[in-house]
Structure formats: structure tokens, C-alpha cells
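Chain nomenclature is as follows: A, B, C and D, assigned in order of appearance, with residue numbering initiated at 1 for each chain independently.
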Amino acid sequence: MQRVAVAGASGYAGGEVLRLLLAHPDLEVGAVTAGGNAGQPLGSIHPHLTPLADRVLEETTVEVLSDHDAVVLALPHGHSAAIAEQLGDDVVVVDCGADFRLRDAQAWTTFYDTPHAGSWPYGMPELPTDGGKQRDALVGATRIAVPGCYPTAVSLALAPGLAGGVVDPGDITVVAASGTSGAGKSLKPHLLGSEVMGSMSPYGVGGVHRHTPEIEQNLSACGAGPVVVSFTPTLAPMPRGILATGTATVAEGATAAEVRAAWETAYQDEPFVHLLPEGRWPSTSSVVGSNCVHLQVTLDDRVGRVVVVAAVDNLTKGTGGAAVQCLNLALGLPETTGLPLAGIAP
Amino acid sequence: MQRVAVAGASGYAGGEVLRLLLAHPDLEVGAVTAGGNAGQPLGSIHPHLTPLADRVLEETTVEVLSDHDAVVLALPHGHSAAIAEQLGDDVVVVDCGADFRLRDAQAWTTFYDTPHAGSWPYGMPELPTDGGKQRDALVGATRIAVPGCYPTAVSLALAPGLAGGVVDPGDITVVAASGTSGAGKSLKPHLLGSEVMGSMSPYGVGGVHRHTPEIEQNLSACGAGPVVVSFTPTLAPMPRGILATGTATVAEGATAAEVRAAWETAYQDEPFVHLLPEGRWPSTSSVVGSNCVHLQVTLDDRVGRVVVVAAVDNLTKGTGGAAVQCLNLALGLPETTGLPLAGIAP
Amino acid sequence: MQRVAVAGASGYAGGEVLRLLLAHPDLEVGAVTAGGNAGQPLGSIHPHLTPLADRVLEETTVEVLSDHDAVVLALPHGHSAAIAEQLGDDVVVVDCGADFRLRDAQAWTTFYDTPHAGSWPYGMPELPTDGGKQRDALVGATRIAVPGCYPTAVSLALAPGLAGGVVDPGDITVVAASGTSGAGKSLKPHLLGSEVMGSMSPYGVGGVHRHTPEIEQNLSACGAGPVVVSFTPTLAPMPRGILATGTATVAEGATAAEVRAAWETAYQDEPFVHLLPEGRWPSTSSVVGSNCVHLQVTLDDRVGRVVVVAAVDNLTKGTGGAAVQCLNLALGLPETTGLPLAGIAP
Amino acid sequence: MQRVAVAGASGYAGGEVLRLLLAHPDLEVGAVTAGGNAGQPLGSIHPHLTPLADRVLEETTVEVLSDHDAVVLALPHGHSAAIAEQLGDDVVVVDCGADFRLRDAQAWTTFYDTPHAGSWPYGMPELPTDGGKQRDALVGATRIAVPGCYPTAVSLALAPGLAGGVVDPGDITVVAASGTSGAGKSLKPHLLGSEVMGSMSPYGVGGVHRHTPEIEQNLSACGAGPVVVSFTPTLAPMPRGILATGTATVAEGATAAEVRAAWETAYQDEPFVHLLPEGRWPSTSSVVGSNCVHLQVTLDDRVGRVVVVAAVDNLTKGTGGAAVQCLNLALGLPETTGLPLAGIAP
């Protein structure tokens, strides 16, 4: 058993990492730390984690975190670098925050308005890249940046079309609906249950959402040239799940069969990314609690656009599951160890 | 008081028409009819319509319907023509079904696979047309086709950009989320509460949803040339409401201010269609129960697309409220009579 | 038109009062005031109140409130007395807060732990009292205390059994489920959408909820002697609505017919309180947005208990609708003026 | 690995059993059978069970089921006996249906109105009985009747008080809220998402719900004498979870400490039943997906009643998890093998 500490354990991302570690055969929960919630038992913060109910949250310090095989950081962005640089290279660090995701310092500054901390290997193993998969950069890495939830859904949805040359990189639109846990536990009026239930609303419209450059970085790495994306996120009345709908102009001459083949090829050997049989479309309820991505793609001949829909659980494959998948790769375990393939429904 | 019969009163559309008629100062509920539910009291079908609880549903026959100032049809498509042609021209007929919405018989046959019944004046008063508003066709009409719910949201969202020449007609994408009442009361497994709650899923992807030609008919009438639309509807975990997100390539040279002005101009005198102040985005909860449409529009300079979002209540402005608005116009009443401007929230 | 000011207009209770005033034929919205939200337009606080979107919230001061026919107070408890005593007796004051509901100063102090402000006529017209109805105390009153939401559901549910002598006053249990708007807009972690959706949980268990003495005051006034109640409130994953289930030992010798007759007698002439036909049970969705209470009662012979279930909208009949009903009585208008009898469903 | 067949695999109970078997280290999924859905792939019925997506449902026949170590029946009641009697005693049979739960043939006939099939050992290991635990009857059993979902929550909630002599058996009331999956996948109008979302409603009021005699059988076995219960189930707007609130008159002279001690004693060694620390109350979201029961109890001195609240996942501990727990006991595996202690939240 290798021991994993979780920093920022009182948030939703941290809680999900703990849920998955509890079910992991080769990893065990080490220190659990928090900021304002330090000193509280996990039972009052995450009452669903029954086996950890009596564990008390410690302060997030390097001393508490250092004596572990790995540390998962689930902190607000801007806090990861200071901790990571004090943890030795013998400690694997996996960061669920945004700090080390973007390679372009200018893009970081534009969207986050703080200094760029740098970039770490990007933890999306299944992502098609120009001639390979992102997985190659992750095996044995000691620092990994866990992708954002929207970028996970959107990049895995659209990359095969670009990598396979069946869609045009120039005209991509995405509308995605996310459950409310994507916004974290922050106490904002629009996140109250009374406001959320029964309502759909957009936010960050017009290309200003911080996940936009991350999506574009991923899609631009597919070898089809630089990509910009019209990205509209919306808040949906459910706790978990992202449904992302992407459209792109079909490449001239590409047939429906070629379109489908591009997605089949990209994911045929992937344990977590599933192109559904033709005629079946993804639903978020089918992936809640699992590390899977469900996909479907079609060609709308009337308008000449490929339409692809992806469903993921924003907290599992979108955050905590990806973190554990990265831990597996970094720590030399089989990539799928301990990660749920079945969701919980209804 | 003019008397209005409602045929198909046991469905959601019929129930919404009744709710609005109960609050209308100049119209009163006449006969209420149904198919399989005939003989039942409304109290067991629509328990929220307390004042009508003891009214018994009659069979849908011409005899029952004929002795009224107006009849609202809320029947499955394919049933309206036979009834309407037996009701005299002195009886106003407003059809909530699809039968008389499409002017193009070919489009009807392609999407509905039944003979085309013809077309009636299209009941969307606020729709910008080439040089005017659709309202002109409705004042004093004796037959009106009430628009579909998605076409209401999508057409009112996008038409100003086309009518105003600030977006390109060639490359429009729409993703819309609808509450489950849009699917009616039909007993299908995927509409069960257990399946719906906590889940988002797409359907009718790839341009096959029947509302597609209706949207294209409306947008093509704006004077910018024929329009085709990439339209993806999704089912959201809420009973009511549509949130439609449309994007279109900005017309060459059009500025953000010109974009906004196109929407302001289109709706500045409309009582039910509201462009929100800059920075505020629509939410479905803000229009539930009201006849209003809330809109916001922005220009995403990075990708050169205009993004517009509309929220409507699919049962009110999307069906029953539009029906009453059409009744008002047909019966010579002020257009807004009896129609709620405020929604119910939270 | 008489003018009504609303103090505390940015909360859910204030918003509901405004929604109902907008639909009222004889009352108009005067000043709207707030605390921390003063200076903001209503459109950013209550976007569903489209006709008031540009109205700006003023500070809650006596000067702003005084020049009206009536003032509705929707403030946190403890703030009403200071304002009310500075408003002349020519201004009707209706208080949605708890301050003036309890006649027993000792009960107030026990449950609220602040000095007792006194008591005003209790604004539940339909409540059976020993030999009459509470309505008699309200006609022409200048100060009225609007009941709490749970007490509305629970008292109207159980009082007929006590007033009619068909249940024993000694052994009453109540479990009630409330939508989240009952907890107001306060920013507490357990009220976040992510926490609320998909979850039921109890709170204030063991007789400590502040609505307990108010329920007992109401039931003790039925003439059957002092009543204590085992009251357990629970939070349900919905924005609005209360479903209250009460049980009481049937009085010795009382038959099922006599039990039913007690409820029929109590409410046969009441416009807003409806005993449903036998076999139909209330649902909260049937009363959302309306001022109605739906009730059903049965005798469980096996255990010798009467079981009664009531559904109300906590914000309408449970708060804002009751406030307007009280305004009507105080201002000499017909009691039902402007109040919705039909709810909005689905 | 021992092989387990699941009959009735297309329903919610069957799906949950499959979900848990997929995570079980010592059991594997054998045949999966259905009635009307035979011939369909599981991927179109339970899309969340990704690893089983291509498995095709077979007809439910003895031939298909017989060659397994164990068979789980998840059939409508009335169908289990005919299958079970044809399966040899070397095949463990665990029945999720009601057929073999009641020992009293008269109670069966009264509530189910069909002939009594008999009774099997009752699969609730943790249930306090007169002097022991129900577990003793289950180790090595070859036929086990899985308890109903409400009886699981209610019996585990109340039994310690009766077994410990701290509550009176004569006056017990229960109100329970269940998620909609408790009603199964049957296509009934009141189970549609549009009807369910945003609504609470009671059903089976007055002691007529079929789980009533099962609850009474369990509580009567605690040694405090025959028990009858006032039981009111309600439908809540969530897919999973039961929150049961029980009250009982405190035994004369019993103190709050003695009350708490009764529950502590009953469950101190139970892995799945957890009395929460004082001051924390259960929520259904804390047990969704887990096999745990969360409990809290208090004494309401003012009214002399003990109030106890239990939360369970109706599909996990309430059905499928209990079935797997029974399989473990019957097949000689450690009782907790493969069963989740942590839920999934938010």
C-alpha cells in the first residue's frame, strides 16, 4: 500500500479523491488537510465518507504532507506552486487545480490575471495528440496537472475529429451543461438550492470562461493547426455531470462513415472512453460516479456539421477519478486500478 | 366575456391554457374535452386547477366545441384539421399542435411523414420578418397556428441578427435544453422521474428534430436568405423551461454595438420579449409561469461569433401563453390581456 | 388603488409579496426597500419580476415606508417592532416575521431568546377557534402578524379534529417536508444546490424548531385543551412547498364518517382551504404558486389514529399570499381579491 | 469466483445487484435475465453498467438460471416460488421480492390478496431480535428473503428502542419519504419526471401500504410484545433514498441517556448501521450508493416521545446491497465483502 495525502480535502474535489482512494486496493488515505475547516472531523464535512468519519482535518502544511508516497492537491488556484516546490521529487504531486495546466503564460495571464506558475505534464491519458496519446507523458511522471472538468468532456469529444482530419479546425462551437458541484462549495446566492433547482442558466458567455484556453490548448495539439472555440457553459439543476455538445464543420469530402471511424479509432483501446453504439446517446446519469466518458457522434448532412456529445461526471473523470488515474500512472500501477467503470443509476 | 373551449385539456398544453384562462378578465372557460380521459373530473387530472376541480372532461366532438367564441386545440398532431374544418369561420380556432405551422408541404412530409394539412397564420407576433413583424398577420385572424416551444425560443433569439444584417445566415448552431413537460405526458421509460432527475441527455441530434424546419422557416423569413440550422435539443432535469443558446458568425464588419443594437431595435416595443441589461444572462427560473422571453447577446471577438441566449417557459410563452396571446389578437382584445409578465420564483 | 410598501423586498418572502401585488387589481407596489441590497435594481435580485426590473431598492427607513396605505414587513425577526411603532395607526402594517405571532412571552423567550415584542392579531382567517374562526379578529385590523409557513400547514391540517372533538389532544405527531425557500436566501453550506438536490434531511428535531410553540398556540385555541406536538421538520429537494403529515389518536367512539365530517364542516365555506374528495391525496405541486391549502384525512382503524395530510406553498399561502389576504381584510377589500386559486404545474 | 445469476435484471433492483456484483472481488455476474426486455443488450437498459453493455438479457427460465452458485430474484411479487422450487438446494436463492418475507399467511393475504408462498429466513442481519440478532438465521442459509426498502429503514430505526425497553410498543408513528426508484420502472403518470420534480405527496395512507405488516413483524420480534404502526409513506423528488422518521412514547422512567444507550448497544458492532454522533442528523445524500444506514435518536421531553430518523439508499441497503450481504452470508464469505461503506456525494 502506498500512502496518499489529500490537501484541500474539505471541498468537493478533495472529497471525491477520498471516496475513490477508499475503494483503491493499492493506495491508502494518508493525511487529510484543509484551510478553514482544519480541526473538524470529516464526518461533519463529508458525511458520505462513513469510514473516515472520525478522521480530523489537519492544517495544510508541507510538514503534514511530506511523509507520503503521493500528494493530491485540491486547492483554490494559486496555492499549488508554493507547496509543490517544497515537496521533494520523491513525492508524486498531482494537482487538481488549474495552476500548471496551461503551457502558454500569456493565456494564463489573460484568463487568470496572476503570474504563471509554469506547466506540468497534462493528465489526460486518452487525449489524441499529433501522432500519439497524451499518456506517454504521464508514465512515471512526478508532477501532473489534472485537467479541468469541462476540458475533459470537450477535448475528448472533439479531438478525434481533428486528429483524424474529418472536421475543420476553424469553426468549432461548444455548449456544455454542468451540475452545480462544478462550481464548488462556495457560498454564492446563485448556487443556493432554491435558485438552482428547476433552472438552467448560462455563465461566462463569449469566450471568457477560464477553461477556454485549456480546451484550445488540447485541441490545437491534435495536429490540425491552432484551434479557437466558441464555448458556452451553462449551469444545470443536478449535482453532478457534464453534457457537452460540440459541433464542427465537416472536412470537405469526409463521409459519415469516415467521421465515425475517426472516433472509433481514437478510443477503441481506451478503458474509460466509450463511443456508444450508433443510435444511443449519452446521458450524464449513465456516468455519475464512474470514471467513464460516454460519446456519440453524427454527421448532420443538411448543415454540413459534425455533432458530438460527451457525458462525464465532473467530479470523477472530470477531477477526482482523473487524479487517481494519474496517480496510478505516476506510481507504476495499472492505469485502471481502483477506478469505477460502472456508474450509479438511477 | 367570450367563451373558449379547450380540446385536449388533459395534457400539459391544455392544462396551461386553462390556467391562463382562469386568470383572464375577458375570456372564460367553456367546454373542456379529452380523448381517453373523457368522463374524468379535472381535479384528478390537473389537481392544480382548483377552481375547475369538479368540471368533467367531455368527449372531443364538434358538437361540444362548436358553441363557443373560440376553440383552442391541444391535440396530438394530425387531429386538428378534421375538427377545424367543421367549425365555422365565426369560431376562432387556435391550434397548439404542429399541423398548420409549416408552409412547405415537402418539409412537413419529410419531418412528419403524414399528408400536409396546410398552413395557417403563424402565431408569433413578435417575430421580425422582412420589413415588419409577424403580428400583422394575426390581428383578426380566425385560424392561427401556435408556434412550437423550441421554435419560439430559438427564432426570437436569432431573428434580430438576421433581420438586422449583423450575423451571417450560413452558419448557425443552436443547442437548447428543455424541461420535461416539453415531451408531454406520454408514458415513456426515459421520462420517468427516476431517469430524468440528475440527468442531462440529448435527443433528435443531427437535424432530425421536428422543430428544425419550423425554426428554419422563421429565420428564412427575416430577409437574409434561406437559413439552415444545426439544432441539438437536450432534456434537462426540470419540469418547465427552455434555455436556447445560439451562435452565428458575425457579419463582416459588424461591431459589438451594432450587434446589440439589432436586438434592441427588434424588441424595444415588445411587452413580452426582453433584452436584459448588459451583463445579466437569462435563466429559465426567471420566466417560469410568465409569458416573457428573456434574452442576452454578446459578440465573442476571439472566434468571430455572436452568441445569444434565450429563456422561455415552454408551456407558457412556448405554448399556452402564446395561444392566449393569439386569442387576444384574433378576438380583438389588447394583446397582453390576462397574460402574466411576472414569473414565479424561486 | 391603494399603495403598499414592501420592506425586506430582496428576500424570498418579499419577492413573493411583490409577485402577488403585481397581479392585484386594487393594490399597487409602492416603495420597495432592503438592507444590504439597497441601491440595486430589482432586476438583479428578483429577475422573475420583469415589470419591476428597473425599480431600485431603497433603504428600509420609516420615512420611505410611511407614505403608504399599508406596509408589508418581510424582515429578519427582531426588526419589526422598531419600525411598526413609528408608523401611524392610519398605516396598516402586516408583518411576515415572527415577532408578533406568539401571545405567550415565556414561549417567545424560550424559543427565540430575545425580548418579547408583544402580539398582534394572528393572520390565519380560516383557523377554527373555540366557537368561530380567526377571521373575526382580522377585519379592519391595523396590525396583523402573518403566520409561519409550517404553522399554516400544520394548524389548518389538525385544528378541525380538535375543534370537532374527534381527535384526542394528548398525542399529536407531525412530520413535515419543506422546500428550501423556507430557509430563506441565507448563504449556508447545507442550502447549496449541490447539497440539497437528491437529499432529504431532518432538522430542529425533538421539539426545538421555532414554529413549535406557534403550532401549539393555534391548536390549543380550538377548545380541546392545551396541546403539545411532536414536530419534526425535514428539508426536501424542491424550491417550494410544504407537505405536512399529522397523526392524532382518534377520540373514543368517533367514526370515520364523523372524522371526515369534522374537516368538511370546518372548511366547507373557505375559498382557499380544500378537503379533497375521498381517495385523492394532496401534492405540493398542486398548490405551488396558489393561495390554496389541499387537505385529506383518514382514520387508520388498525392503530386508532387519524392521519391528515396538508399541502401548501410555503411562500404563497405560507407567507406572501397570507400577507395579501390579511391586507385585503385590513383594507376592507374582499378577502380573496387578487389571490391565485390555481397553481402552476407541472 | 462464485457465479451469480440475476433474474429480473432489467428493473432497478436487478440493476443495482449487477452494479454491486461488478465491484465484488469474489462473485461474478452469470446469466442476466428479463421478461419483456429479453433479447436486449444491457447497454440499452442500464447504460450506467458500462462493463456489461454488450451482455444480452436472456429469458427468465430455470434452465438459464440453474447452473450457478447463487441466483438473485428481482421479479414482481408472485413469481419467485415457481422458480425457486425448481432450483436445487445446492443453489443459493436470494429473493428481492416480497413473496417469502411474511411469516403470517393471514397478513400476506390481507395485504397482497394472493396465496401465501411461505416464508424464508429474513435477510436483515443487523435486526435486533429477542435476545440476539437476525444474522444467526442467515449464515449458510440456502434461501433468503431480502427485506423491503421501507422495512429496512423503519425496522432498524425503531427496533433498538423496543429491544432495549426504552420505548412503549403501543403508540408508534412513522412518516417516511422515498425516492422515486422505490416505485420501480413502471410507467405510471404520477411517476413521470414532470410530475415528480418539485413535488412531495403521500400514498398508501392509513395503514394500507404493503410494507406495513413487514415492519410490524420485525418490531414485534423484539420482545416487547405485538406492535402495530401508523405508517405513512411519501414520494420525494429524488431518484434514491429513504428518510424515515419514527416516534414512540418513551417508556416510563427512561432517561435520554438510556434512550441513546439502547441504540448504541444495538449497533456498536455493526459495520453498516451507524448511530451518528450527537447533534448530527442523517441525510439521504450521505448514504446514496452505500450499504450504510445512518441513524440519530433524541428524546423530546416536552411531549414524552422518542424521535428517531434513519437514512438508507432504498436500492443499496434497501434492496441490492442487502441481497449481496445475504449472498455473502449464504456463500460463506465475510459479510461485508464487496459492499460500499462510502456513498457518493454530492
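Assume a contact is a pair of C-beta atoms (placed from the backbone, for glycine too) under 8 Å apart; a residue touches a chain by one contact, two chains touch by 3 or more.
For clarity, every value in this text was computed on a predicted model and none was experimentally measured.
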Taking each chain's centre as the mean of its CA atoms, the one lying farthest from the centre of chain A is chain C
The chain pair with the larger count of contacting C-beta pairs, comparing B-C against B-D, is B-C
Can you check how far apart chain B and chain D are, centre to centre, with Cα atoms defining each centre and the answer in Å? 45
Mean-CA-position distance for chain C and chain B (Å): 35
Sequence positions of chain D contacting 2 or more other chains: 12, 179-181, 192, 194-195, 197-198, 237-240, 283, 285-286, 288, 346
Complex interface listing, chain A residues touching chain C: 12, 179-181, 183, 185, 187-189, 191-198, 237-239
With touch defined as at the start, can you tell me which chain C residues reach chain D in the complex? 171, 173, 175, 177, 179, 194-195, 197-203, 205-207, 228-230, 232, 234, 236-241, 243, 245, 247, 249, 281-286, 288, 296, 298-303, 305, 307, 309, 311, 346
Residue numbers of chain A touching chain D in their complex, please. 12, 15, 19, 22-23, 43-44, 46-53, 180-181, 197-198, 239-240, 274, 276-277, 280, 283, 285-290, 292, 294, 340-346
